[in-house]
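Following this line, the structures themselves.
Each of the next two complexes has subunit A plus one more chain, namely subunit B in the first and subunit C in the second.
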Partner chain A sequence: MTGPAIKVEGLSYSYGATKALDEVAFSVAPGEILGFLGPNGAGKSTTIKLLTGQLAKQSGEATVLGVPIERDNSEIQAQIGVCFEEKNLYPNMSALENLDFFASLFGIADPDSMGMLRRVGLAERAKERVQGFSKGMRQRVMISRALINRPKVLFLDEPTAGLDPVSAAEIRKMIKEEATRGAAVLLTTHDMHEADELSDKVAFINEGRIVALDTPQDLKLRFGKRAVRVRLRDGDGVREESYPLDGEGSSADIAALLASPELMTIHTEEATLEAIFIELTGRGLKA
Partner chain B sequence: MSLRRIAKLLRKDFALGPRSMPFMYMIILPIILTIVFQFAFGDLFAPKPRLGIVDAGDSAVTRAIAAMDGIELTRPEDAQVLRELVEANDLDVGFVLPADFDEMVRAGEQPSLDFWISGESLASNRVILAVTALDSIRGIEERPPPVDVRVVSFGEEGLPIGVRLIPVIVFYALVISGVFVPSSSLVEEKEAGTLSAVLVTPVTLSEILVSKWIFGVTLATVMSGMTLLLNGALGPQPLEVMVVLLVGAMLVSTIGLLVAVIAKDATMMFAIIKGAGILLFAPAIFYIFPEWPQWIAKLFPLYWVIEPIWQVSIMGGSISGVWMELGVALAIAAGLMVVTLVLAKRLRASLTGSQVR
Partner chain C sequence: MSAPVSRLAILLALLRKELLVFSRDKLYLFLTALTLVIVVAFYHLLPDAVDETITVGLSPSVQNLVEASAESLAALGVPEASIAELRDAPRLAQEQGLILTEFDTAEEMAAAIESGDEVQIGVAVPPDFVERVLAGERDIEVTVYSQAAVPSEVQAAMSGFIREIARQLAGEELPVRFPAEDLIILGPDRMGDQIPLRDRMLPMFALMILLMESFALASLISVEVLQRTASAVLVTPARVSDMLAAKAIFGSGLAFVQGMFVLAVLGAFTSANWLPLTLTMLIGALIFTSLAMVAGAAGKDFMGQVFYTMGFTVPLLIPAFAILFPGSAATWVTFLPTWPLLDVIVGVTVYDAVLADVWPSMLMALAWGLALYAVGLVVLRKKVHSL
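For the complex of A and B:
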């Protein structure tokens, strides 16, 4: 298909009197990863639920693979993969049975479930019941399940939440591979490092509204404060100072600093996504 | 609605069934109840008294006993074999009739007859066999008995308690399989979140509900049929009995689906089943106490299931005699199904959760 894999315009949703989404708009192209960054309750999961047909649309427009969203839309659901934050596998089934069962629901006659488990390093435990798996192992099965139908659009809700660094790194690698394959990925997270590492674009969402949407680099350039941090000799001791790279007189200050015999080390400082989020919304990502 | 997807869901439920406690409980409990009731009240499987006769001639005693259904008669080759069988408790009682036994009795010679009794035989079997043998011998005399015994029954004529308990056990199998299994299966999926996971595939909620309903109907039909079979109460027309059970299973499974749609979690499901338990089981109690006003039983929905089962299986009636009851049962099932489908919309909303964002 040509055009965006996900296209959302003016999407709003309310739970009773509480507005969860307010005129949200964004798009995700095939092969692109969009990081949805926001604190708990910001509207990330509601967006995924609307786009995957778990919630019925109230107002606004949205298409997935060119098909307008509506609840239980089999045409969309056949081509998407969803990884929930909740570890909702069948605990009394083995990892292999879980994948085979979900593959059968997509009408896949001969699924490569074992290959998928091999990819996440679980081939040797494929026939063990999931109820005995660790959180990280379950999450790897969840990712495998989301990929069992080779989806064109992948919805990942906090895919690395609570995982150890090794498991999280493995899952990030798989997400990148899926995007390289051509899948559009909508990734919700409140982990700024993950969003920074994986995302081609990042959307900051707060209280149901997207407050910024751009590439991580452009967000940092637009909203971050660049600076250099220097260490200088001070008699027998050492002192640290920070000099902004932007603003009047900054070039002259830095030139003088470089000529100074007291200069010991110099490092550039880059704004973090979290700092930008706090600056834009006045609240932290984990709030 | 895709039949292929319903079949896949159903296959998964049957595969997972033996791995879950409610399923095993449902299979085992009616069998345990059957065994307990049979032990307490006796049944068709209780062993018949076993008698061995070595008959050198062609005695009328042997012919009379051979014609009796209630006694298991064995004809060993000779006295030595008979004795070995009694000693080994393969027979309760044995005796040897000489070739001219009948003639000696008729001639008033009072021939002696040794009763060999197995030391391990039940006292009740010994008495039954002794009395039966003496009655048969008296029959040879062709003289009026010395005492004219008249049988006078007191109390109301009725079925033994063992038979009247059968509806309770069958009903239990039907309700546990039809209500408890599909409802706990769906509620477990809600709680584990697997229902949400399945609903983001091409599977629809309607397909899931239909698969759970078929799951309940199949189990309830098979389990109640098996319970009747274990109790020797499938009746003279087992096919008709199975049709009646199928209709009953359709009603109880619809109730199970309704419970599953209403209950948010297992605690609530158990509360509903416990609360509604008396309404579900009440009709079965009226079969234990036939002296109670039977019209009250008709006020309960499942009367329209248990009455056809009683009539066609235990009383040996025909399905044509209970078509009205079956019609009422199907009508109640259809009404409850409509309510279930309306409430399923609420289930869909509860799965996505109004609090989760």
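For the complex of A and C:
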């Protein structure tokens, strides 16, 4: 297909009187990773539920792989992979049985479940029941399950939440590989560093509305404040200061600083996505 | 785009998964096996025949009673043969299922009845009872001794029996006349062919198996809901309807197969009843599966699921108790979904009824099954959609 893998326009959804999504619009191209960032209750999961056919659309338009979304749409569901935040595997079944079962729901007669588990480093424990697995191992099985049908669109809900740094890094590597393969990825996360590292584009969502949508770099350029952090001698001690690079008089300040004999070190400081989010919404991501 | 997956392939995949998950649930596997063993063992431990003999104490002995009145009887012109027949009364009574245990004194008989080993009820008459009755006395003291456990109707029958003997001895005609046959039995006469307790409990056993399996299915459903594995299934080409169909087929199949197995082991099937019995077990499995779907959707944890399953299904055992103790059923019991079910099971296994006799009850049971299944589907679908 040539158009966007996911296209959303004016999508709104309410739970009773509570508005969960309000005129949301974005698109994700094949091979692109969109980081969907927002605090709990911002509307991330509702968006995923609508796009994956778990909820029926109320208003607005959205397509996945060119197919209009609707509840239980098998045409869409046959081509997507979903990794839930909850580790919803069958605990009494082995990792291999879990993957084989889900592969059979996609009509895959000869699934490469063992190959998938090998890819996430679980081949040797493939026949063990999932109930004995650590959180990180379960998450790796979850990712394998989401990829069992080689999906064209991947929905990943907090895929690295609560994982140790090594497991998280492995999963990020797999997400990048899937995007390179050509899959469109919608990634929700609280982790700004993860979003920064993985995402081609980032959407900030707050109280059901997308407040910013751009590449991480452009967001930083547009909303971030550039600065330099310096360490200066202060008698027998050392003091740290930050100087903005933008604004009136900043050039003169920097020039004076560079000439100062007290200057020990100087580093440029880049705005973080979290700082930008706070600036745009007035609240943190973990709220 | 790949070809769409057939609904049958999805259904079969879901059924294989249900079987696998059930086979890994050690608790319900154990409980299922235990229930099967207990039911079969209990059935074989229960008596397979009804002892219809009644043991009654008598003081003094018939021999002594007749000897004490021999002169009076002779004076009245009673033939010697008839007097000999009177002496032989204990043997003649035994042929009719009444065992007379004779005691020399009332005290001995009272002690025996109190101990309860040999006899539970007895009658003490004066040694010259026959003679005084023949003399037309109206104030003869007769005492009936009875254990507390003896039903009041048996106690009353014993008193009536003595009065009847006294009247006959006194030559008094009763003011009523019985037909020649004395007693008209409506329905099959089961004199000497009473239904053994274990056969009367057969429907209860069948329901217990269905009940046990409804626990297992409710557990499978609630685990799927609580662990949100249902959500994972429903973002694949599988639909809610596939999932509900798989649960219903698996649950009904599980309960049906085990119910049939138990009935077969207990020898309930005959060439005449296999069809209505099989159909009825299928309907029963549907009823209990439907309730398990509601309980599984309602329970928020293991205890909640057990609570709801008990709450929904245990009342359905009430008709089985009513059948166990005939005449004890209140009218409302007959409106429970299991009543027509049990009516068919009892009819075909105990009273040799055939399909033509029991189809109205089968239709009623089927109506209940379909109604409850619709409720189960709605409740479970709503729960799955709310995840």
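Remarks
In the analysis below, the second predicted complex is superposed on the first by the 287 of 287 C-alpha atoms of A that agree within 3 Å, B and C clash if a C-alpha of one lies under 4 Å from a C-alpha of the other, contacts with A are read in each partner's own complex, and residues count from 1 in each chain.
Throughout what follows, a contact is a pair of C-beta atoms (placed from the backbone, for glycine too) under 8 Å apart; a residue touches a chain by one contact, two chains touch by 3 or more.
Everything numeric here is computed off the predicted structure, so don't read it as measured data.
Superposition of the two complexes onto subunit A shows a clash between subunit B and subunit C. Put simply, more of the residues of subunit A are touched by B, taking subunit B and subunit C as the two choices. Of the two partner chains placed around the shared chain by superposition, subunit B and subunit C are both touched by A:90.
When the two structures are aligned on the shared chain, A:268 is found in touch with neither subunit B nor subunit C. Looking at the shared chain after the overlay, A:104 reaches both subunit B and subunit C. Look at A:77: by the touch rule set out above, it reaches both subunit B and subunit C.
When the two complexes are overlaid on their common chain A, residue A:180 makes contact with neither subunit B nor subunit C.
Applying the stated contact rule after C-alpha superposition, one finds that A:15 touches subunit B and leaves subunit C untouched. Overlap of the subunit B and subunit C interfaces on subunit A: residues 52-54, 72, 74, 77-78, 80, 82, 84, 86, 88-93, 97, 101-102, 104-107, 145. Interface residues of subunit A facing subunit C in the complex, by the touch rule stated above, are 52-54, 72, 74-75, 77-80, 82, 84, 86, 88-93, 97, 101-102, 104-107, 129, 145.
For subunit C in complex with subunit A, the touching residues are 1-6, 9-10, 13-14, 16-17, 20-21, 24-25, 227-229, 231-240, 387.
Across the interface of their complex, subunit A is touched by residues 4-5, 8-9, 12, 15-16, 19-20, 192-194, 196-205, 348, 351-352, 354-357 of subunit B. Residue ranges of subunit A in contact with subunit B, taken from their complex: 15-16, 20, 40-46, 49, 52-55, 71-72, 74, 77-78, 80, 82, 84, 86-93, 97, 101-102, 104-107, 145.
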